[in-house]
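Report on one structure; see the data block that follows.
Each chain gets a letter, A, B and C, in the order it is written, and its residues are counted from 1.
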Amino acid sequence: MPEPHAYSKSIRPKGEALVWFTGMGLGVGILLIAGLLAVILKNGLSMFWPDTIYQVELVEGATAGPTNGKDFAGAIALERYKRLQEEGVRLTREFQFFTGNKDAYGQMYHFVDSDQILRDASGKPRFTPADGILQLERIEFGDALGYPVAIDLADGSSITEPDALRSTLFETIEASNERLKAYTKIERQQIGRINSRMESIRLEQRALRDELGAAAAESSDRMQKLTAQREALQLKYNDLAAEARALRDRRAEDSVRLRLPSGEERRIGFDNITQAHFPNEMSLPDKVGFFFRQIWRFVSEDPREANTEGGIFPAIFGTFVMTLLMSIAVMPFGVVAAIYLREYASQGVIVRAVRISVNNLAGVPSIVYGVFGLGFFVYVLGGSIDELFFSKRLPTATFGTGGILWASLTLALMTVPVVIVATEEALSAVPRGMREAALACGASKWQTIQRIVLPASAPGILTGLILAMARGAGEVAPLMLVGVVKLAPTLPLDGAFPFFHLDRKFMHLGFHIYDLAFQSPDSDAAKPMVFATTLLLIVLVIVLNLSAITLRNHLRRKYKGDTF
Amino acid sequence: MERYFHKELEAIRSKLIFMGEKANEAGRLAVEGFIESDLEKIDAAFAMDDQIDALEVEINRDAVRYITLRSPVSSDVRLVFVSIKASHDLERAGDEAHSIAKRTRSILTRDGKINDPVAIQEMSRLAFAMLRDAITSFLEEDLELAQGIIERDKEVDRLNKDNFKKLSHAMNTANGEVSTQIETIIISKSIERIADHAKNLAEEVIYLLTGE
Amino acid sequence: MSQETTTTSQKEDFEPFIQIKDDYNFWYGSAQVLFDLNLNIPKKQVTAFIGPSGCGKSTLLRSINRMNDLIEGIVHKGDITIGGQSIYDPALEVISLRKRIGMVFQKYNPFPKSIYENIVFSLRIAGRNRRSELDEVVERSLRGAALWDEVKDRLHESALSMSGGQMQRLCIARAIANSPEVLLMDEPCSALDPIATGKVEELIHELKKEYTIVIVTHNMQQAARVSDRTAFFYLGKLIEYDITDTIFMNPKNDQTEAYVSGRFG
């Protein structure tokens, strides 16, 4: 007779393995995402940290380094093993140095094998921090690294005494930056205003000629008045241009002389310098301050040097505005479509087919939307708008070329299936009882939808918008066809009438990453920028999503019902 | 929470109290008629019996309806059942009053002489006090009063036995009319029965109030 | 047990207000759910529909305010009149019909709005937005639903912050806000605890002074407690219709007897 209470010896209940399996799936996913974020964070943020610059001495007869065997100074950017092909499996170490001085060395980054570097007593490559080295951030040619020798000022004096030299250096940079600001103000605002007025006079003159014929127009009062105005503006322009030129030229009159680590001496004009620091003499708080200042400059300044230097403000702004425009376009469009599909259309074969098509649209490669946007929005719609409203400016296209409006609409089209699907879900999740209650109160179907169903499904609709925004903000391929550019001279939103320039081309973080990573002449120099820009894009998407989620939670609380 | 149908329960209660008063009145009239040899009171007692019977039917019907439609529980359902039982007791008490009236009329129509009504008077005083108190204890939900009634029944029983001995002795000594003696015994017995019903009523009130 | 005829008491000593007549039949697509119904519902009384699940009592209730119109493929034969007017009259807008008929549902379903806005919903959608009128309606409806004292200090809080019983009474207040003639109740207490149920039943007892009430319930005790007349349905047919006392104490029909005594099936 068996024991009445014989327990199974197996301690593992059936199905437990599968539970572990599901947990593992989640674990792997989290690890991948965390790893990706960690890589982006580390590489992106390290760009802003002032690294120590080392003096590197090479062994006798070495050929490596920026100047073929001469000693140099640089920050260690990378240390790795490389496989030497000719010697089979032997591994050797190599270092990548950030050496700056692109004008002197051709490149900013250099690889050096470790066996070319002079070793210390313990046999390790010897790196001594370069004493008193100065890092100059320049408008052109990237950073300069070197030991300051003298500052030659416009009045002909030279300063060589080290302490005076330092203080003069920072003062001169500040004064020079002030002049740059004044110059930019004249260039951007005053000259810009004159230019736009001259352009409108030109267009009016052209219209007069079209209307009256060239000869008659030339002699008309109006035309003469316009010509006089134009000449007055031209004079004003000349004055301002001279003023601006003087400011610009004044900056170039001061210069600093550097002795490069490899020995030669260079002269750098202050018109080329934006910032200076002595990386090896900074304390930790100095470095932290510098770090945050650099981050701020990165997000607030315009790019330089084929986007590999400077900030990325226009790209952030462009991405933000485009995503916002896309949301404004996609919301009503998707919601209205979903309302018809879910609430009004009789649920037959056709509606099912439409629904399947909408779902499939979400899987169409995004470049296809780009091509469609180019063909339909830009050429057909934009072309027609130009014909109708901007014919005076033709053949220069206004809307008939890529711009932020068309890019937003293209992305809206791409993300509309997401919104439709989410909205349909949200609508169908509104409890039947609530609709019936509204109808029983004597509401019409539309009143029921408008006053009861839509507010109650708002959180779900917002979830759809969040997904759409996340997808739209990170999209690159279709944008390349419909308005994104490598470098946009103006922002889509500025102080000039009509303030919102929907026709303008714009910069975009996603495209910026692509451009830096694959189109940049010096990919090593662009690499930190790629990571930093990626980090920013992720932060931007997170910020957009968080604000939408906050809004959604607020609505959820408002419409929460434990009863359904 | 007071529910609208609790008024119906209240109505059953009032009917029962009304019925109790009627039964008490009927018995009192019959006994007074016997003691005072008053035929008018006897007739009045007869008339009341029909009213009492009608009330019992009414109370029973209301109780069944209440149970069916209102699904009462706890003290409500006890009240309904007590109403049915109490109405039955009161109806029986009414019947005893009817019986007293009948015997009295039989004596009086024969020109019989009612002798020694004192014992009957004393006994009926006790019995009707018991019945009245039982109704009062029901009306005022007075548990102590109800419990007291049960003890008081013994005194009525003793008086009844005394009456029986006295009257049967009288019969042995051929003192007076034998049939009158017998009918007086029966009347005495009826009063004793009324007291019993009063006791039953008291027990039902105790059950209603305590659930035991 | 197959009885094709309805057992009804011979004397109908009332003026009918809602009449289900001309052998009312109802189909969902090809499935017939109501068969040859003829039923007169008295004014300002409570009429209960009872019967096992799927007997068609809810369908009939929802036919009265044409709530079934929302479902595709419904067909009916026969007629329903309210106060002598056919609800299927083509000249009658279904929306204006529903304004004459308040409805309370099985599951309390307040809108995710404030208590105040829940009640004035039916006025707002009719374009009546005058503040003084709305205030008056809110107070009248809430008093009518015996809820005023409980919520008068928090009229602008969310209706979803109330207890279940309060929410159902709010739904009743909402249903009477438009001063309807008829109040339809589809198992109004099935989601409530006994205390709340008792309150709603008391309320029904009060409301019948002003409204003609039709209530569907699974709870026979409830039907017995609150209704004046009871109709027993089985498999889409009206089996017996009489005053409530008769249905529960002495039904004429064996099926009714079996159902009310729990011996059914």
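The rule is short, and it goes like this: a residue touches a chain if its C-beta (ideal position, glycine included) is under 8 Å from a C-beta of that chain, and two chains touch if they have at least 3 such contacts.
Just so it is clear, the model here is predicted, and its values are computed rather than measured.
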Most central chain, Cα average position: C
Two chains sharing the most contacts, counting C-beta pairs only: A-C
Centroid-based (C-alpha) most distant chain relative to subunit B: A
Where subunit B and subunit C are represented by their mean Cα positions, the distance between them in whole Å: 50
Computed distance of Cα centres, subunit C from subunit A, in Å: 63
Distance between the centres, which are taken as Cα means, of subunit B and subunit A, whole angstrom: 105
Residues within subunit C bordering two or more other chains: none
Interface residues, subunit C side, partner subunit A - complex: 65, 67, 70, 72, 95-96, 98-99, 101-103, 105, 107-112, 121-122, 124-126, 158, 160, 164, 167, 171, 174-175, 178
Interface residues, subunit A side, partner subunit C - complex: 346, 431, 433-434, 436-444, 447, 451-452, 455-456, 558-563
Contact footprint of subunit B on subunit C as seen in their complex: 195, 198-199, 201-202, 205, 221, 224-225, 244-245, 248-249
Subunit B - residues contacting subunit C, complex: 1, 3-5, 64-65, 68-71
